[in-house]
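Per-chain numbering from 1; labels A, B, C and D assigned in written order.
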Amino acid sequence: MDINNDYSRKDECPLGEQDGMLYGEYLQLDKILNAQRMLSEANNASVHDEHLFIITHQAYELWFKQVIYELDSVRMIFSKHQGLDESETLEVLKRLSRIVLILKLLADQVMILETMTPLDFMEFREYLCPASGFQSVQFRLIENKLGMKQENRVRFNQNYLCVFGRDEKGLEAIAKSEVEPSLAHLVEQWLERTPGLEPEGFNFWGKYKYNVNKMLETYYKSAMATDCESERAFKMADYEKRKALFDSVLEPNIHAAFVQRGERRFTHKALQGAIMITFYRDEPRFSQPHQLLTLLMDIDSLVTKWRYNHVLMVQRMIGSQHLGTGGSSGYQYLRSTLSDRYKVFLDLFNLSTFLLPRSYIPPLSDTMKSQLNLHWGATNSETVSAS
Amino acid sequence: MDINNDYSRKDECPLGEQDGMLYGEYLQLDKILNAQRMLSEANNASVHDEHLFIITHQAYELWFKQVIYELDSVRMIFSKHQGLDESETLEVLKRLSRIVLILKLLADQVMILETMTPLDFMEFREYLCPASGFQSVQFRLIENKLGMKQENRVRFNQNYLCVFGRDEKGLEAIAKSEVEPSLAHLVEQWLERTPGLEPEGFNFWGKYKYNVNKMLETYYKSAMATDCESERAFKMADYEKRKALFDSVLEPNIHAAFVQRGERRFTHKALQGAIMITFYRDEPRFSQPHQLLTLLMDIDSLVTKWRYNHVLMVQRMIGSQHLGTGGSSGYQYLRSTLSDRYKVFLDLFNLSTFLLPRSYIPPLSDTMKSQLNLHWGATNSETVSAS
Amino acid sequence: MDINNDYSRKDECPLGEQDGMLYGEYLQLDKILNAQRMLSEANNASVHDEHLFIITHQAYELWFKQVIYELDSVRMIFSKHQGLDESETLEVLKRLSRIVLILKLLADQVMILETMTPLDFMEFREYLCPASGFQSVQFRLIENKLGMKQENRVRFNQNYLCVFGRDEKGLEAIAKSEVEPSLAHLVEQWLERTPGLEPEGFNFWGKYKYNVNKMLETYYKSAMATDCESERAFKMADYEKRKALFDSVLEPNIHAAFVQRGERRFTHKALQGAIMITFYRDEPRFSQPHQLLTLLMDIDSLVTKWRYNHVLMVQRMIGSQHLGTGGSSGYQYLRSTLSDRYKVFLDLFNLSTFLLPRSYIPPLSDTMKSQLNLHWGATNSETVSAS
Amino acid sequence: MDINNDYSRKDECPLGEQDGMLYGEYLQLDKILNAQRMLSEANNASVHDEHLFIITHQAYELWFKQVIYELDSVRMIFSKHQGLDESETLEVLKRLSRIVLILKLLADQVMILETMTPLDFMEFREYLCPASGFQSVQFRLIENKLGMKQENRVRFNQNYLCVFGRDEKGLEAIAKSEVEPSLAHLVEQWLERTPGLEPEGFNFWGKYKYNVNKMLETYYKSAMATDCESERAFKMADYEKRKALFDSVLEPNIHAAFVQRGERRFTHKALQGAIMITFYRDEPRFSQPHQLLTLLMDIDSLVTKWRYNHVLMVQRMIGSQHLGTGGSSGYQYLRSTLSDRYKVFLDLFNLSTFLLPRSYIPPLSDTMKSQLNLHWGATNSETVSAS
């Protein structure tokens, strides 16, 4: 093959000129592809599957870095304008969607690690600290930046030294991530500013309260009108249950008690915003906010699914047999992180509890309807003068 | 939080002792997570999406390394014993299955890159050589180690300098991969040794030939016995077609011509072995070989799917408009790699053409039947003496 | 187990009352689960894998029905208001996203069918017409409703009788789907109304043309200013290529010629709209339209991926060996449907060709900027009076 | 288009002759595609998303039927020969792999249903009984046929009437599935016959016991030899823990107690077989059995993952808010099915607990080594005479 004759002129390189940086240099593959040092090999007892173990976890960490990168950028957009500039909503949606896709990939990736058998794993695990995504500083950062609160973690996970050991820089980053405003916090603030919540304006919450009561009254009357005693009792119990449920969101102090117990997260005002957006999601200005809320749930679900797939994998590798004699296994600890306490946007999952049948949703006023066609945060007068 | 009181004793660290190597050190995360240098940033025009571009390609390369690692180990197992020691078949199957899972992941991963828009890409692509998996040295190694032959590549891809530029070490590795025995070559040799092919023994091929002819004769007679002329002509044409098809595998010289044209790959003997394994896959000793053949097809399919998904992504990023005026686009080149010429195990895909209805499959002799219950390569006498 | 004691009162059925319709009745499982009749069984030669073949294709058809349901609803929304009422964009996006998810599932589903081996398939395929998704009336309807044009199909696929045989109702539905406005057609009309295209208003196309020429001039001048003759020649050729490319979109008659040849689909005006939306996608009113364009490409990609995966599966089942003697195989026909001719939204994939570096994108006027904050189709005055 | 001229002769129909049964007839699409009756429509309040709800659940049921079909066939193969005829192992592996792929698809399918929002769901859920995969008779059959035991279910799920209501035929099928031998039971019997367990022969368990004790002794001595008191105490505690763990498998009565509590499933003998196969999986005759054990875990994992994804989806639709006032939600019930009690092959997941470092695995005797090259269940003499 005569290379010179064929392609000596770069205009014949159909994929592009060769002046720029080379693929391998650009990607710093010298670093990436020389970072696999098998401990079993160093101990002269090379175990084939250790290579997979290393590569899989490195791939996790690469993607974790990307998730953090997107998360930080979204948090910055939210902080910048004391709220979300609507011209940036698309960008936020794109970045959150990307996080969703990455998390889906990571959940699938667990299956590759499962091709390693416990017997293989046993042969090299003695050389290492228990290395799993749960010891990953970056995974902890993701949790914190999303808004996972220290007090909702299970006791073991609250301990730093034990999990992250001597990694000074890592511990520092984690400490910082706990004081910086998390995505959950920024979303909360943004929800509190949902247009239409102002009591002196559209007063959504007043209208919601009124309609909830109207609906409950219907249930009550229907129960009372029932002749058969046992059926009436049943209907009455149902009414009481529903009332208690709605009271928990209508009464700020009950809501506060839920928050206190860690069973709710958002402030009362933010919850109102989320409910309002859900009701009127088809109005132009609420439609992307509604997409945003959905993506936040997707992210929460997928972090949980990853944890779950991971737990099943760990069970295969090290077993889950409980010993009765006290000591509790790594598996048991990991399993505990699957609880709802680890869901950052728990309130969004529970929103459905507070929805109303379409006939009870308060109709929008003309002013409100028009406002929801406008730029989020712009006053009407501004719009007029701009046009 | 009083760390010392809670977990100062390592026996209370439920995930394990902290004496071993730390997660981050073990994974060399200092290298992995410090290898992202955005060219757009270096040029003071930071483009958010370049980060994704880098991470995605680095993740590809990590997995490519793992695929090569598995591929090399499988090739070594095949070379070691002048054939495949049956006690290692499970290991080979496990490693090929793992490659399958990794390739599936890589095909999915393309969708993440698609979240980057052309407008974003445009902003930093000027800084780089056209970087895509197709310029990846490791991907080329995978192709070569699988058994992709230089002469089957489209013209452009045959050119090294143009694709891999100044990467001396890479070019060397590629050159080496072209002379070393590929997986396809080793599989071919192994298939040629399929027990039962010996003409003086079970003589599978003799029996196959005999039965094919018997079957074709039935078609011929059925055609000749048809009264209606046009129907007879139709049946006759069908018979001719089938005959031509089977001749192409029964006649070594016709087969050789197909190989010459690049439309078949295996030697005549190896093809016989593959057909035999397919027919008797339920016999214990053929059952894992049959799994192996299936996995080879899976790998071929998935490499192709990855290429295809990649091509669609490139079309989104840079367009595919053909200009008529001569110059042909990167997209056109990439698309050309989707042809069957790029399928390494093409013959396995085409095996179905040469299968026979169950009633025509030659029955196994008692000796053969018993042999297929034994250790591959062991002689009967050895088995007897061993037991 | 004493059922009566435990749960005799329906209020103790925690999943809900049992008054409503039963799960199985609601889903008409009597129909769904009694529609599997194995031909091989009917012929007293039961083949285990035929069951999978039937179930897989029935699952395809169920999902095809859902895709058609969503597609029809989206087409109706587009037709209703002579364009897309912005309060319905979210709904359109949701439904298109759902189609995307379904198509992803269908592409994955092909792998399940691949667990059937050719030898298994051979045993029952004689009983049936070649049954594949390509003979599916519903799949053809999906293609037509998306906007696949008859003239872009390969010759074989254009023939109805041969593909769909005696299915009168099916042929009727297909005929109807060819005259009804397709999604592509409705999207085209909607793109033509993109605000900002009016020549007497923002006049986007005028500005685009002006900036393209300015940019090309820079290339030209840079080429002319080069001293070294060979380099100048190279740069000049590059300039000519780019100019030809942009001419093809700037000159309506060249664009028309592309359309004529089937290499472009949209009207000139619609293409302008698509380019404009891509440039200003961050403006609130263009942000969901941009999401919409992206989803249309996703759908096109995934239909293609499904076809591709399907073709690979068919190759495994029936082989692809070309016989030279004339007759061409089913595989060859299927493969031909992978060409770009089968991409409905081809122009969106090729948009990237016509994008400009950010510095050349025409800045929005104040009026335009304000308009893009408003309700699509609302005039400014209306907005003012509404507020 | 002149159909007659083009394709009037069926030999020009490249996809095959048209004499056989038509695609749509074969698939009984008249039943499949006419089984979607929207209750919301029947109530004159059509809700768009109900269609998706129906299609998704019907697709589940189709695949459930396929899973049951494969499961039944595998159970039949296991029952036929009082054990597994080795010439059928490949078929068993193929069918279990297929179940794995289907279950993966079903787990992914949940995401499609998640595109329905709670507000949409609210509008039609009143018309129906709580319909979810958990009310599916077929899903219950799958659980039972796998080997899910009634006593391991949470209390609510144990109740039939409440879950499956008036479906007589369904209840009958469930009752039958509870008395028929489950896959777990058949696998257990098969494991008990693992060659090498015979006390008078290779006596695997005797050797295992001996080596475990040898290993534990090393730990004990190492602990006793430690000077520092606190370190000695720590090591001693570690030794005790390990001893207790191994005692639980070495002492039949402790094992029995675990079984009693539902924390183990297999008989003591079957557990021995599973451990033995795991150790010697590279011997030809143990290699497919080892693949089989792995597939059983995959199936268990995936059923669990499907449940988990389903639970997260239900949480989105109906919320999970606990009301304190007593009543507990559907979500809480569903969540409870995620516990290890619902894992049928729990013991396989826990095998890793009882594995030994390679240096402690008892070496195979020559006789044993040769036996593991033979046909499972064949006596040596038979093999000799056959050859």
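Note that contacts are C-beta pairs under 8 Å (C-beta built on N, C-alpha and C of every residue); 3 or more make two chains touch, one makes a residue touch a chain.
Here is each chain with its UniProt name: A, B, C, D = Tryptophan 2,3-dioxygenase.
Since we're looking at a predicted model, the values are computed, not measured.
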item	value
Starting at chain B, fewest touch steps before arriving at chain D	1
Touching chain C and also chain D, the following chains	A, B
Reference chain C; chain at largest CA-centroid distance	D
Chain pair, A-B or B-C, that carries the greater number of C-beta contacts	A-B
Chain B and chain C, separation of their C-alpha mean positions in angstrom	30
Computed distance of Cα centres, chain B from chain A, in Å	37
Residues of chain D engaged with two or more neighbouring chains	281, 327
Residue numbers on chain A that touch chain B, as the complex places them	1, 3, 6-7, 12-24, 26-29, 31-37, 39, 48, 51-52, 54-55, 57-59, 61-63, 65-66, 69, 73, 94, 97-98, 101-102, 105, 108-109, 111-112, 115, 126-132, 134-138, 156, 158-163, 165-167, 170, 327-330, 332-333
Chain B residues touching chain C - in the complex, by the definition given at the top	114, 117-119, 121-123, 240-241, 244-245, 248, 263, 278-279, 281, 294, 297-298, 301, 304-305, 308-309, 312, 315-323, 325, 327, 338, 340, 349-355, 357-358
Residues of chain C defined as touching chain A within the complex	11, 86-91, 93, 234, 237-238, 281-284, 287-288, 290-291, 366-367, 369-371, 373-375, 378, 380, 383-384, 386-387
